Each structure stands twice: as structure tokens, then as C-alpha cells.
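Here come two complexes built around chain A, the first alongside chain B, the second alongside chain C.
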Partner chain A sequence: MTASTQPATVATPPRKERDHANPRSAIATFLFPALLIYAAFTALPVMRTIYNSTHLIVPNKPAEWVGFTHYIELWNDNIFWKAVGNTLTWATVAPLMEVSIATILALALYAKVPFSRFLRVAWFTPVLMSYVVVGILWMWIYNYDWGAVNSFLRWIGLDGWAQPWLGHPDTALPALIAVTTWMWTGFNMVVILAAMSSLPSEVLEAAELDNCGWFGKLWFVILPLIRPTLLNLIVLSFIGKMKIFDLVWVTTQGNPLWATETVSTYVYKRAFQWSTFDLGYPSTIAVVWFVIVMAGVLALTRLFRQKDKLEY
Partner chain B sequence: MLRTTAMLALAAGIIGNAASAQEITLWSHWADQASKVEFVENAAKAYEEANPGVTINISWYQKEPLYAALKTALTAAQGPDIFYAESDQTEYMQNDLVLDLSDKLNWDNIEPWATEVWGYEGGVYGFPLEAWTVETYVNNAVMAENGIEIPVAGMEGQAFVDAVQKIADAGTTPLAQGVGDRPYPGAFLTHEILVKKLGTDDYRSLLKGEGVAWSDSRVKEALDYAKQIIDASAFPASFSSIKLGEAHRYFHTSPGAAMLQMGSFYPSRAFAAPDEGGQPDGFDLGIVNGPIPDGAACPECKTIAVGGSFVVNASSENADLAAGFLNSMATPEMGNAWLEANLVGTGIKSDASKITGENADYFQKLAAANEGAKYTFGIPVQQMQGTPRETFTQVINQAFPAGLIGVDEAISMMESAY
Partner chain C sequence: MQRTLSPSGLRMAALLMFIAIYTAYSAGPFVWVAMMSLRTTTEISAAPYALPETLHFWKFASAWTESNYDTYFFNSVTIVFSAVAILTIVGGMAAHCFARYRFRFKGLIYLLIFSTIIFPPQVTVIGLFQIMVEYGLYNSRVGLVMVYVAIQMPVTIYILESFFARIPKDLFDAARIDGYSEWAIFWRISLPVALPAISTTIILNTILLWNEFLYAVVLITEDDKRTLPLGVLRFLGDQLEDVGMIATGLMIAIVPVVLIYVFFSERLIQGMTAGAVK
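Presenting the complex of A and B:
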């Protein structure tokens, strides 16, 4: 009896339990398309760019290994370093200006100044325009003969201050930084306003109960609470300015005397305007700049890392 | 049986048509230049009629997008059968991307200098459709107001500086140049002075960095002379931002200037109707030779440039047909038709004296300004490559004429670019 019942339980292999917490096949199925697209359109081009940077790539000939020749050439390329300096200046100054002004504007709206609805739309509008349109618009504004800036200066009697804003090495880059600040401040303002609007009301009320003044509330309560938002905006702006191309191309194309040359415009010039088919050198610039941008983002993330966790 | 026969006949017909139908593809600049588009499309229609079964499919672009598209397509061993190119694009020849047309075109109908411009290592690679000289256009009314008359052969040395100063003192801009969208118009003044000072051979070796250096005393003297003219307030204060089309309007309409140094493609914009940006009715236009520096080795020297040309893709499967189409345009009749339609020169042998009608006077003035001229081929940005070219664009085309840098600084920057 015993013998007849035993084999039935022993011979049947145990049914494999489905791991509902870790459904590998489902994960693979869902990940595969995304990974495929990532591999095809991001990883592969990046790998190819790195490969190109160590080769001479010309049509009708096999790629020729040139080692680090392009990197050495780049190290001695004065135009590249000028472009690096301009781009870093832009990527450092513009985020600070954009986020500072945006914070002030957001505070004004948060305090419900008159016409705040209209102002919110008006200040946000520039970001809805493309860089091409913005570039053309500001070329008119900066025009020496009839542009708004010089017309205003002449109107108030400061004729001597009128100048070709985009045509002088001393003013061209600041003039373009002012354009991106004008364009992006509204976007930053809306994000900061959203962050302010979602602040816990208990904390603000508690501050008021403690007789905290308006400035004290701003400095010790509001700004610390929206700090992560501000830092994210700075990082996003930094990345955007490190890649800036369209505005420069429409307005100055890097002139005068490379005063507005950015790394992106220089890569384009080297790739498409240098009377050569070689993609190796432009790829080298792209690789070096990718590393610099990555390092910049990591450095900013590390710098801005919240050491003390806020408690409220 | 009948059905089968009919199907076979139909299939044979389709195959037959496929075998005889041949399409030539052509990518060209000039999307916004109606008269050039019309000229090429008419030539294509005529070729199609003369060659039944052949169709020419033309795509019109602006120059920059065209160059970017070609670079990508040619690198992938694709691209059109024929495409627009300019003679400075030696990278096409260096990489065997274009066909040697030496034995495919009737070169007897092409100007020898235009053939020379497209020459490369024993071959000839481009069909030079468009050509232009660098001219000094004069607003005769402004000159008369200031009591200045510049001879057609040009004004020498200090006299030109004084004339510029006099015009500027009267509140008129002497030279309506602008570099807002082109890498060359700001350099017209300087390089025309340089070629006169040095002569064509030394000028060429200066640009190529082979022999004559930018620190050469003659080059310094030429730049000093150009600097005198610049410092006499030759150019508008908005020089850096004025675009090519705006410079034309600045010269002939608003606010009006005394002179404009420009390629002889000037009429393609200026001879449009006044409400389309052309010269005002009755505008009194003169053409003279540029300023001549003291001690010029070649006062009659000036620049002639081959502009828009067509080349045949080396990997084209229809290379003979494509070359045939270009050859159909290489006739004196087509050369004259080009002149008449576009009012700009051509590398095809043509006879401007045969132009009649309202533009005949212009061509006579142009011929007078070029009588006895000795040419250098190509403006500097067509003769230079890479870093020297980029530096020339930034320094000689913009910063130097804008007064942002002096002669020594310009020389130093050009020297270090080679």
C-alpha cells in the first residue's frame, strides 16, 4: 500500500514556481525594443564617432588608422580652444542669469502682482519661438542703424554708446548671452513658480507664526525648499548652452574674430565647410567635447549634492 | 493562347520601356534665383526633346543645405548624376568623386581661363557655367554731388583716399560693403589692392602660403594703403551685419552710397524692379577699376572667379548622358542666352557685344572696365583651404576692414594660420 502511493509523489517533478517578482522574459520583451533603438541611434553612433576620431575617413578609401594624431592636432588648435572658452563662458553665465532672474519673476507672480496672469504668459512666450526666429528678431534689435537698442540709446542722448553689438568682439558674446537669457528665463520662471506653488503651506504658516519677515521667509524657507528645482534648472541650462548652435549660426556664424564661435559651430565648420571629406577631425572634437560636457555635468551634480537633508 | 500572347507583349513593352527610359538626376544651388533656374530647366527640356526616353530630374537647393546633402550622399557612394560645385571644392577631385570631363565636353566653346580654373592633375572636372569679375560700381550722382570723378582705369594712391575722405565728410558712406552673410565681400578692397601691388603670380603664392609671406614688405605696404582707406571711414558702421542683398540696396537706394565693390553678378539683384529690391528708375551706374596702390606691379590686375559650375558624379551610371547634357549647354548661343537671362558672366564663350536692348549699355560699361585687364583666377576664399581660409574670412574679410585690428595684427594672424 505504502509502495503504491510513494512513486506517485516522488516521480512527478516539482512544478517550477513562476517568479512573479522577477518575470525575466517579460522584462526582456519590454526592454528589447527600447534597447534596440538605443543601440542603433545612440550607442552605435557614439562608438562610430570614437572610431572615426582615430581614423582618416574619406570616401572611396578604407579608413586609415592615425592613432591620436587628431587629438594632438586638436590640442594645438587655437580656434578650438577659443570656441571652448566661449562655450564655457556661455554655459556658466547664462544659467546663473536665467535662474536668478526667473526666481525674481516667479516671486513676483507668487506674490500676485497686478496683471500676473498676463505677465506669466508674456514672460513665457519667448521660449515658444525657435532659435532661428529669435536670431532674426534680435539681429533687427541689435542692428546698428535702425535697431531698437541703438535707437533707444540715441533717443536718450547716448549716441556714443550706439554700436554694432554683434559686430564687435567685446560685445558680440554678451549680446548673444542676453538673447538666450531673454529666451529661457520665462521657462525657468514657470518651473520655479510651480515649485513654489507646491510648497507645504504648514511650513510657510509656521514661519509666519514665528514672526518671520518676508525676506526671512524667502531666504530661510522658500529658497532652501525649491533648491533641488533651481539646481536641476541650472544643470539643464548648462547642458543646453554647451551644445548651442542655431542662434550663433543664424546671427554671427562665430564672427567677429571667433568671438562667438562655439564648439558646435566649429564642429559644423570642420565637418562641412573645411573643403575636406575627412570626418576624423570633427569626430575628435565631438569626442573631446562629449567628455568635457559629461565631466561638467558630473561636477555640477557633485557640487550641488544636498549634504543636509531638509526636514520639515 | 491569345491571352498569353497579349501578356507577353505587355511584359515586353514594359521591359522595353524600362530599358530605354533613363533618368538623370541633378542637384543644384540657385533655388531662389529664378532666371538661373529657368535657364537650366529650359536646357534640360531641350536635351530631353533631343534625346527621347531621357528625363532630367532637377532638385533646387540653397547652397549650404546642398553642400551638406552632397557630403552625406557622396560619402555613401550615392548622390545625383550631376551636381553644382565651385572650383575651390578640390576635395571632390582629391577623392575621385567627380568625372574627368577632358574628353567629354567641347572645350573649344569654353573660355581657356575657365578651363584652367577647373583643371586638376591633368584633368578638367567642371563645366563653368557662371563667372564674374570683381568690380567697383559707382553711384555717379553721389560722385557728381561731391565733385569727384574716378576714371574707368581706376584712381591711384592718395587720390583715392582723399576721395573717400571727402565723401565721408559730406555725410555719405563711400563704400557700401557688408559681411553679414558672406565670407568674402569685406575683403574685396584688400585683395584687389594686393593683386595690383604684387601681380598675379606673387599674389597667388601669398594666398597659397608658398613663397611670398604675409610679412613681405610689399604686402605690408598694400595693407597700409587699405588701412588708410578704411580709416577714412570707407565702410558703414553696420559693416559687420549688412548682408549681401542689403549692401546692394544700401548702395543704390537707401541710404545710398558712393561705391560698391561687388562681383559682376551685381545686376542679378540690382536690375530687378525697384519694388523687388532693384535700383531706382534712372539710377546712374558707373563701373571703374578698384583703387591702385603706389608702386603697383600690375595696375591692370583684377580678380575673375568661376562661380556656379556643374560636375558629373564619378559613380554615375549615366555618366555619358550626364556629360552630354552639360555639353548641350556648351555652345556660344547658350553662352549668350545665359548672359542675356542672368546678366552675369559665364565660362562659355559668348559675345556680350551681341546683347541688345536695355542692358546693352551695362555690358558695354563692363567691357570697358575690363579692357586690357589681367586676371587672377578666384577670390581668396576659392584659392585657400582649411585654417588659412577660415582665418582670412575672420581677419581680412571682417576684422581688418571693420577697423577692429591694425595692419601688424592682421599680418601676424595670417602668418600664424599657415
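Presenting the complex of A and C:
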């Protein structure tokens, strides 16, 4: 295949024709490695998990078929439903907070506030950190004795408000949601800013000619135009929060009183931590959760698409 | 025409106030951990928010040598580097295939690979654990590399495919007339022309895999095979009260990522936001 060094001659067309006519082998070669890896490390594990969900899988014993026992057990599992509630709260509250704050920040940069280059870096950096680093850092920030939150509250004289943020069932989940908001808002801001910058300037000029005020321009021109981006970001953030594991695992491990238990941490606990040694039941949770996430994503995209249709 | 918004003075003041508060919330934690990384634990417990008086750079050396950090760092570098190299080649080949050829079930195969982006990792992780034990890839760096390739494959193919698809067809036709084989077309045209997209995926994959935790914690238990995030967590367990030392450990994990960001910020942002803008 060193033909590239030769100039195109009349003698080459037959070979070229052959290569052209039969790219099937080329297609197979190009696709094979990716498909092999996909089959071995994604498809097979997923099928294995689905298989597990109807079996009792205990070490050193053959898998035992138990039908839908795990599914029935799951239906009556209070911790699971608590975890579902927490995760859904997270996946609803966090996207709204992230996208709304990010829109304001993006507007600020769009309106060319001073130091915008520095601000963009400062806001975006948290998303680059590992959840392990972020988790440890925020455990300190929420520390009762010397953490930044309580130190600040004591400094402004609100001593009574100081509390162990991650240790109290009522505050632990909101405290962790504040951490993911801290991490992801900057990312959302960058995307929204990109969408705003690509708006056609004629539209804004037309609005200006129509004597449209600052707020009017934002509400009636900019936001409707970037709405597809905003909705997209909400879906992305929703998917991310439905998977959340690392942060909880590093900081609270689901404590106190299952206040921060997410479905992911519960699966991990049941599979690798509790000494039940059964991989079947956690697999059932994973399968059910997989179905719920898929349904959620489909429903969201459906809902957003219909809204679009109604308006235009 | 300039396109600046021109809010009134009061609104601008409110906006600036909001920005100031948000920036403190966003950047404060880093400034704090950077300061603590240069102070000793005694100094920190006396005044947690004071500026460092003397800069204790020796702490970095001692965290590095005395806590296996060199091993964790080396593991992370080799695992991430190998995974990203394989991803770039294998993902590039598949993306080239999706962008250039028509074949049966193309849409279905693409959808199948792409839909795994939405999968919650739990649905793979248990089955993967069993399979890796059976393959003998449990507690193995090679195994973790393969898993990393698999989890980052969809997004890599997605970014590269959309770029490859925009390369003008004439370029390929010209190459065919010159007698290039299909492989040579990929290797000598697609890849060089798509270099911007390829560097985007390389940087994106490097950062995401450098930070990866769930698969590493499930598949690696031996200390000498731990990656940096696992190492940091172990370090936390060992030094529970030694806040100053842990802060130094955190900085060692943060610095490489920040360096990548400083040198490649545009590419990185492109990678992270790919697909989010519509």
C-alpha cells in the first residue's frame, strides 16, 4: 500500500476500483477493535448484570435461579426508596440551580464586566477536580469546629446557626447539593456564554431599534433564543446527578440516617460492602435504576420537545 | 455595532455584587487549600485561615516520598496515558468508519454505542467486576486500562465522528485517485486533518480518567496498583488528623490538572462542552 508515493497513472485505476468496490473489509477492520472492546467491557457486563438480577449469586457456588424474588424484595426495601427520593431530589434541584446561576454569570460576562478572563477561569476550574479532592476539601469547609461555613457564621455573629452540616440529617443533602452546584455551574456558564456569543447580532440590534429595554431584551430575545441550550444542559445535569456516587462516597457514605444515600452508593454498599455476599440483589437495583434513568431522560426530552412545538 | 447590554447603574451594582460573592464561593476553597498545603498542621489549628508565614515546601517532598504518592502518581500516569493512546486510535478508526462509509446497521450500531453515555455505571460495574475476576483482570492495571477505554469510547467516537464528517469529500476522492488505500486515507488524511478534534478528545479523556474513581475503587484493591484518587483517599485515612499534610496531598493531585487547563484551556473547554451546545 505504498501507492501514495507513485504519481497517479493510467495503470492504477483497476486497483483503485477494487478498493472502492469492496470497502467491506476496510469497514470491518476499522470497526472491529471498537466493537470488540464494547462487547467485552460494556455489553457483556450489562447482560451479566441483568442475568444476575434474577439469581442468587454467592461466592463459590453456582448461581441459583430465584425468579423475581429480588424485585419483590426491592419493592419493600425502604432504604432503596429513601435513596431514590434523595437521588431524585438531587437530580431535580441541582440542574435548576446550576443552569439559573450559570445564566446570570454568563450574562455578566456577555455584558463585558471587568476581569472577565480571570472570572471565567475561576468559575470553571472546580469542574476539573476529582470528586475525591472536592469531597475532602468540602468536608473541611463543613467541619463543625473550624470549617469555613461555621467560621463565617460565627464571625458575623450568627453562632446559633453553626452546625455540623454533613452530620445532621436535615442539612446533609442540601450541603452536598451545594457542592455539586459549586462544581458544575461554571461548566454550564461556559456553554451558555458560547450560545449567547453565537446569537446573530441583527436580532439584538432589531430589539434595540424597537426600544426594547435591558430586561426585555434578556427575557424576550436572548433567553428564548438560547432555550435549546438551556434545556440540553438541564438534561445533561439530570443524567449526571442520577449517577452520583464519588462525592457521597468520599464525604458521608450515605450517612447520617440514610439522609445522603443515593442509589449508586446503595448498590455499591450492597454489592461490595455489606457482608451479604450476594451480587444478585444489587444487580436488581441497578437494573431497575437503569430503567428509571432511561425513562426519565426520554420523558424530559419528550417534554422539552413538545414545549418547543407549542411555542413556535 | 457593539452588542453590549447596557444595564442601569443599580442593576450593574447588584450584578457585580453577585459576581463577587459567587467568585469567593467558587475560588475560595482553592486558595484556602493552597495556603494550607504550605503550612504545618500546628500552624493551621492555631489559625485555619491565616496566610502562610514561612513556606514549607518540604511538605511536598515528604508527602511524595513517605506516603507512596510516587507509586500512585506513576500508576495514574501510565494507566491514563495507555488508555488515552488506545482510545485515540481505536475510537478514531471507528469514528472514521462511521463518518466515511455506508453499511448495514450503521445507525443501529452507532445508537447502541452512543446510548451507553446515559447508562448509570452501576448497571455495568457489578457484571464487570465478575467478568474481570474471571478474565484474571481484577486488580490489574491492564484491566483498568481496558475498562477506561470502554467507558470513554462513546464520547470519543461522538466528538471525532462529527469532525471527520465535516472533512470535504473531495479530499478523499483525490486521495483515492492517487491510489491511497483505505487505511492510508485514514492514517494520512483523516487523522492529520482532524488534529484539533483529536487533541480535544485527548485532553478531555486525560482529565476525566485522571479523576475517575468508581471503577478504580471496585477493580483495584492492592496498594501498589492504586491510582491517585484512591491514593488520596487512603492518605486521608492514614493521616486523619494531619490536615496540613492532607492539604499537601490534595495539591499534588490538583496541580497536574490545573497545568493542563492553563496550557490547553480552549481545547479542554471545547471537549467538555461538545454536544452541550445545540
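The rule is simple: the second predicted complex is superposed on the first by the 268 of 312 C-alpha atoms of A that agree within 3 Å, B and C clash if a C-alpha of one lies under 4 Å from a C-alpha of the other, contacts with A are read in each partner's own complex, and residues count from 1 in each chain.
Heads up, the rule we're going with is that a contact is a pair of C-beta atoms (placed from the backbone, for glycine too) under 8 Å apart; a residue touches a chain by one contact, two chains touch by 3 or more.
Computed from a predicted model, the values in this text were never measured in an experiment.
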Touching partner for A:W219 - first (chain B), second (chain C), both, neither: neither
Which of chain B and chain C A:W81 touches, first, second, both or neither: neither
Touching partner for A:F68 - first (chain B), second (chain C), both, neither: neither
Chain B versus chain C as contact partner of A:W161, first or second or both or neither: neither
Partner, of chain C and chain B, that touches more residues belonging to chain A: C
Which superposed partner A:P256 touches (first chain B, second chain C, both, neither): first
Which superposed partner A:F272 touches (first chain B, second chain C, both, neither): both
Interface residues of chain A shared between complexes with chain B and chain C: 271-272, 279
Residues of chain A defined as touching chain C within the complex: 1, 3-4, 6-8, 12, 15-16, 19-20, 23-24, 26-27, 29-31, 33-35, 37-38, 40-42, 44-49, 51-52, 57, 101, 104-105, 107-108, 110-113, 119, 121-133, 136-138, 140-141, 146, 148, 151, 182, 185-187, 190-191, 194-195, 198, 201, 204-205, 214, 217-218, 228-229, 232-233, 236, 239, 242-243, 245-246, 249-250, 263-264, 267-268, 271-272, 279, 282-283, 285-287, 289-290, 293-294, 297
Contact set on chain B toward chain A in their complex: 64, 67-68, 71, 74-75, 77, 88-91, 95-97, 179, 236-241, 385-387, 389-390, 394-395, 398-399, 402, 404-405
Contact set on chain C toward chain A in their complex: 1, 3-8, 11, 15-16, 18-19, 22-23, 25-30, 32-33, 45, 48-49, 89-91, 93-94, 96-97, 101, 103, 109, 112-113, 116, 118-131, 146-147, 149-151, 153, 157, 176-184, 186, 188, 207, 210-211, 213-214, 217-218, 228-230, 232-233, 236, 243, 246, 250, 253-254, 257-258, 261, 265, 268-269, 272-273, 276-278
Residue numbers on chain A that touch chain B, as the complex places them: 58-61, 79, 139, 142-145, 163-164, 166-169, 254-258, 269, 271-277, 279
